[in-house]
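In structure tokens below, several structures.
You will see subunit A twice below: alongside subunit B first, and alongside subunit C after that.
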Partner chain A sequence: MVAPIPQALESLLSPEQILSSAEDLIVYGYDGTAGLKQRPLAVVFPESAEDVSKVLRLAAERDIPVTTRGSGTGLSGGSIPSENGIVLCLQRMNKILEFDTANLTILVEPGVVTETINQAVSKEGLLYPPDPGSMKISTIGGNVANNSGGLRGLKYGVTRDYVMGMQAVLPNGETIWLGNKCVKDVAGYNLKDLFIGSEGTLGVITQILLKLVPRPVARRTMLALFDSMEDAAAAVSKIIAAKIIPCTLEFVDRFTLQCVEDFAQAGLPTDCEAVLLIETDGHPAQVEEEAEQIQNILAQSNARETKTAKNEEEANQLATARRSAFAALARIRPTTILEDVTVPRDKLAEMIRFVQKTAEKHDLKIASFGHFGDGNLHPTILADERDADEMKRVHQALEDLFEKTLELGGTITGEHGVGLAKKAHLHDQYQDYSYTLLKQIKKTLDPQNLLNPGKTFDV
Partner chain B sequence: MSKLRLAEMDYSVLQQCMHCGMCLPSCPTYNTTGLERNSPRGRIALMRSIADGELELKEAFAEEMNYCLGCLACTSACPAGVEYASLFEASRADIEENRILDTSERRFWRWITIRTLFLHPRLLRLTGRALWIYQNLGLEKLVRASGILKLLPKKLRELEPLAPRIRESFTHELVAESESPPEKPRYRVALLTGCVQDLILSELNRDTADVLLVNGCEVLTLPNQACCGSLHSHNGEEELAKQLARKNIDSYDLENVDAIISNAGGCGSHLKRYAHLLSNDSEYANKAKTWDSKVKDIHEWLCEIGFCPPGPLPVAKQVTYHPSCHLNHGQGVRQQPVEILKAIPNLTLVPLTDADTCCGSAGIYNLTQPEQAGQLQSQKASHIRDTRSDIVATANPGCHLQIQNAVFPKIEVRHPISLLAEAYRNCAISD
Partner chain C sequence: MVAPIPQALESLLSPEQILSSAEDLIVYGYDGTAGLKQRPLAVVFPESAEDVSKVLRLAAERDIPVTTRGSGTGLSGGSIPSENGIVLCLQRMNKILEFDTANLTILVEPGVVTETINQAVSKEGLLYPPDPGSMKISTIGGNVANNSGGLRGLKYGVTRDYVMGMQAVLPNGETIWLGNKCVKDVAGYNLKDLFIGSEGTLGVITQILLKLVPRPVARRTMLALFDSMEDAAAAVSKIIAAKIIPCTLEFVDRFTLQCVEDFAQAGLPTDCEAVLLIETDGHPAQVEEEAEQIQNILAQSNARETKTAKNEEEANQLATARRSAFAALARIRPTTILEDVTVPRDKLAEMIRFVQKTAEKHDLKIASFGHFGDGNLHPTILADERDADEMKRVHQALEDLFEKTLELGGTITGEHGVGLAKKAHLHDQYQDYSYTLLKQIKKTLDPQNLLNPGKTFDV
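And then the complex of A and B:
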């Protein structure tokens, strides 16, 4: 007779690396996504690529699904385990392996928390720019698997732009290394890019080589209030047209602003339609000049009011409205559904207006905030999952939003990933043979369909 | 099994947790083990599973909830405003009522503390007096030398040197039932003396009264005050907690006081939640709301009414501040104590690393989970030493003792209000 899985794992790993009691399984059955959960069969904590490989070989032999997990902050259900599956939690692989100040790279294990990387490199005056809102807790492995973005995306790009190489374990247990420290490298297909954003469906990332940049020494923070979203959008276009790329170009809409004022009292008028938070960083002289240019543009763009921070404290104060947006919204109703549809920048104002109309049409509370600079919008639906009728309207509203996004040439997910939550809509975006190609790649790398099966699409 | 509170309570409190994980880095127990079950998110998921009937209420859950400090750091970190305190209390009440962790030693401890001493203020003071005699008349040395302590159970033996120094006089001997400021009072307030505090820091109540008088408040201090019930509530004794809450509410003519002042972070945090505790009590629900609206932490109150700027301390001091969890996370009183300390001219305030992390005292946690409590205590002590301060200020008797046991006599532990009182007095003398 073959041993049950938890016991079979015991022959591969030490007992502290395996959890199988009900109390332990329940708590690895969810991530940050509303309404999704699934109890796994066992949770394991590999400490090396060899451990990962052993577990994947056992899984292949016994036909058991495996779901990789970082910190479980994902917002699309990516790390929800399969029924009777194993959770492979990489949090204990959390060492910084090499910090190379000559080549400006850092080699880390996947379980390192994103912010820890920044703390480590800032001592040398360097920066790892991607800064997802969850960076205090998310793992770098999760960031790479989801190709996460952050507030600095417009100027600095997203996770993908900083991954120079990686080690990964394939579903067949083989360990591979992709990429290197060279800025230029055209040998073979760019396979590492396949694993970035693969949501744990192609392999388990066990080491990551990241690129670093010099930390900007100066920063200026500005805030502008607008009576119409179109005016705000026009101001953004003018800023970009003036060849200024701010590191932050964020907005909150009127409903979000009202909630923020109730919660954090940032002292802003609740009757304006849009608030823009703008930050520029770099060399002091350049920052000075850009800030002045931005202020001029804002003044010419019907901004009702603009504020510029004189020091760090004031900068933090100006950022309050945007920073506390999520917290202000999340406490209003029991269920918070945070979306991340993204459209080309010049379509953002139209999309925001559409979100507002959709809320009215389906009698829902939907707030919008997000990254104006890169067209990434966070329509946030406030509901109660116990109210079946309301949830039905939520789903209808989401359908409408996805349809409109694609009509405007956008994407159903700008940074959270497809996972389970947006799986039903992926085909709408990949309408030609590309959808088949996605499946073929998955089948080539994972013929038994054991690595995070059922995520992103069904094979 | 009796009806579970977790199953009966308003489900939206459980549902409010969206398992985003933002609370994880703030949780001391999660930071120790890295295990999801030892995190706020994990604990709430277990509670929800119990409420949903997917998990049985068993020892593993009870142990988990005992491991939780109840420090509420997760509440400050949570973007969704999850009321962890209510969930924590409901869980512990379910565990107690269903006698999930019943051992005779545990029963003895609970009986002596929660059911006896903290329900009877006079008895508590009598015990305190006995301890004082023991500590001060040389008996302590005699007993320690005699080896008699070896006969005590291990836990009790380890605790004996931790026992706080009991004060010679208690509050009712130091503060009169009614005291008025020299000029016409601006406010009339009631002062809560706190039961542990009354034994080990009674002079703090004198200091609090003095500070209130300087700031134009008439101070009413009832003798024989009932315990606030926080210890009972945190340890699953909801009925006793309700009894104490009613007794406290009945002791005051609420319409006739502007504020009810608490100077202990832990008590204040519980005192402000009587309305929640008594929400199903038709007779008391409304009175409890009025009560809650009048309870003020002393720092909060002073900043609200605008306190007189103090003069310098007799000797300049370097001070760091440890925010008590229940003042900081429980009541959200963060800036006010800092403002008060900063107002003292020759006091230099040095920031404390990881100030927002629990010191491990957490009610009777240092009795029930000595290992984790000890670890947090030494971390805290080492951060405090790093500030090279003369004094660490903190506003809760539990923290006071926990920290004092680790840093005294090199560093003194003081309540911010004691320092303020000292500054006021010093100024009055030099005037």
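And then the complex of A and C:
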């Protein structure tokens, strides 16, 4: 007789690496995404690639789905387990394996918390630039699997731009290494970038080699208040046209600002239509010059008021409105649906107006904030998932937003991933034969459909 | 009766899009790689993705191999046609389709010469950073298919880092679009990066959306002469340790320098062991400061002499030794084998020493020059392909170089590609199951093995 899965796992791992009691399983049944929950069969905590390989071989033998998970901060349901599947939680693989200051790289296990990496490298004057909002709790493995973005995307790019190599375990249990410490390498297809952003559907990433950059010496933070979103958008365009690439170019809309003032009392007037948070970093002289140019542009673009931080403390204060946006909004109604539709930068103002119209049309509360510099918008729908009628309107609104995003040459997801939440819309973005290619790639790398099945698209 | 291929092509394209005479076919039988030549059946010049699709459908129907080609400057034999195959030459698809200054992108056809792009965007104060040595004649399609590098790799990255999207025609004739103008996009697997660097084996790229950056305002060029390669290497390490990322950090060895002096009379002493060419760019104050720091480091690292350019003309003069290296070396013997083994930066000095030992061991002339900043070395073997014994020693030397590169954690090719020239060594670099994955990817995207068959690896 074949042993049940929890017992079979016990023959592979030590008892403290396995959870299978009902109360434990509930905790691992959801992630940061509203309204999604499923019950796994067991949760395992591998401590090495060998452990991962053993679990995957067992899963393949028994044809049991496996969902990989870090801290579970995902916003697209990518780490919701399959019903009666195995959860592979990588949080205990949390060692920094090597910090190479000569080649400006760091080799880490996937369970290392993103912020920990920055703490480790900042002592040497280095920076790991990607800064997803969840970086204080999210793990680097999750960041790589989802190609996480953040506030510094415009100037510094996203997670993908900093992954030089990785070790991964394939669904068949084979362990492979992709990439190396070479700045240039064109030998063979770029499999590494296929795994980055594959949302745990192609393999389990067990080591990550990251690229580091020198930490910029100076930084200047500015805040500008606008009576019209169009003026704010025009200011952004003029900044880029002046060949300035700020490291941060964020915005919040009026509704978000009102909620923020209610919550965090940042001392901002709640009657302005848009607030821009702008940061420039680099060499002190460059920062000085860029800040002056930006202030001129803001004034010429009808900014009602502009504030410039004199020190780190003031900078943090100015960033309060933007940084506390999600927390402030999440208090208003029981269910917070944080979207991440993204459009080319010059289409963002049009998209924000469309979000406002969509809210009116479907009688919903939708706040907008996000990354103006890279066109990455976070329309945030405040609702109550117990209200069936309202949730129906939420879904209609989302349909409208996705349609408009694609019409503007954008993407349904800029940084959160497809997961379960946006699965129904991926085909709208991949309307040509490339959608078939996505499925073919999945079938090639995971022929048994073991890893995170049913996520992103159905094979 | 089935019409022969040239006639069948005439039913799809206009006569001036097809070459099939013996003398024309000879010209398209080779590329920039020494010692490789094959005879195609026909050469076609598509003018649109539709043309490409028609040709690929015919090729699929008749099971005839297709090799895509731009200017034929490749150094790994990647555009050598299959014997009796079709050459798809994209040089006539050479339009700039859109220059979007708001989103800092440019949309081009694959036949646009790389330098033309920079000329077009520099008027607007923008820069397309990748600068392969062949940029005055190579086409952007070839650059993308091979993920070309260049002199600015350390600071600015390589071609891959600037490709935001592409149109490609698959071997089955389907036309797909991958990517968009969004700075952030995580919807679906990253197929775009799979096509970049795939050396024409997965699809034919027919449009390319490139990212641009503001053109740096200031630049400073320096040259340093060293009596020892170790001292030069130590200087490079100290520059990086000082958190300076120069845009150019090149070197030539003594043998190269001697050939250069003989050829271009740059006025440099031929008894020094290493010459470093260093350029820093960016904001004027930063450039000024970095140049001063670099000069101090060079002096502390026993540089025999340091020169700093006062203007553009002097900068070009200083760059002469490095830029004319290949031309100077190519004069010495009939056959020039330009290699591009690449190692982590801190292993480059060791690799250069190994190249010198290898030259002695096999009684060969091997010059070394290349990109010190990114560990990308160009050992250049000067030989005569008519001398069978010498060529045997050349191949033995190459075996030694590849083995050492991999031992040092490097790659067999940093920027030239695998093609035919390094096909026999790819498996040495992909020793685990990832080699099987490469083949599986090829079989999935090109099941008939129509595109550039026999290149990179055998399926």
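Everything below uses one rule, namely that the second predicted complex is superposed on the first by the 459 of 459 C-alpha atoms of A that agree within 3 Å, B and C clash if a C-alpha of one lies under 4 Å from a C-alpha of the other, contacts with A are read in each partner's own complex, and residues count from 1 in each chain.
Everything below uses one rule, namely that a contact is a pair of C-beta atoms (placed from the backbone, for glycine too) under 8 Å apart; a residue touches a chain by one contact, two chains touch by 3 or more.
Nothing here was measured: the structure is a model prediction, and the numbers come from that model.
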item: Comparing the two partners subunit B and subunit C, which touches a greater set of residues in subunit A; value: C
item: Touched partner set for A:R345, first subunit B, second subunit C, both or neither; value: second
item: Subunit B versus subunit C as contact partner of A:F251, first or second or both or neither; value: neither
item: Contacts of A:D24 with subunit B and subunit C, given as first, second, both or neither; value: first
item: Touching partner for A:I137 - first (subunit B), second (subunit C), both, neither; value: first
item: Subunit B versus subunit C as contact partner of A:F326, first or second or both or neither; value: first
item: Residue ranges of subunit B touching subunit A (in the complex, touch as defined); value: 11-12, 15-16, 18-22, 24-25, 34-37, 39, 41-42, 45-46, 49, 54-55, 60-61, 64, 79-81
item: Residues on subunit C engaged by subunit A in the complex (per definition of touch); value: 100-104, 125-126, 146-147, 149, 153-154, 157-158, 160-161, 170, 172, 174-178, 180-191, 193-194, 196-198, 202, 213-215, 237, 240-241, 243-245, 282-286, 289, 342-346, 371, 373-376, 409-418, 422, 426, 429-430, 432-434, 437-438, 440-445, 456-457
item: Touching residues on subunit A, where the partner in the complex is subunit B; value: 19, 21-24, 26-32, 34, 71-73, 91-92, 113, 134, 136-137, 326-327, 330-331, 334-336, 384-386
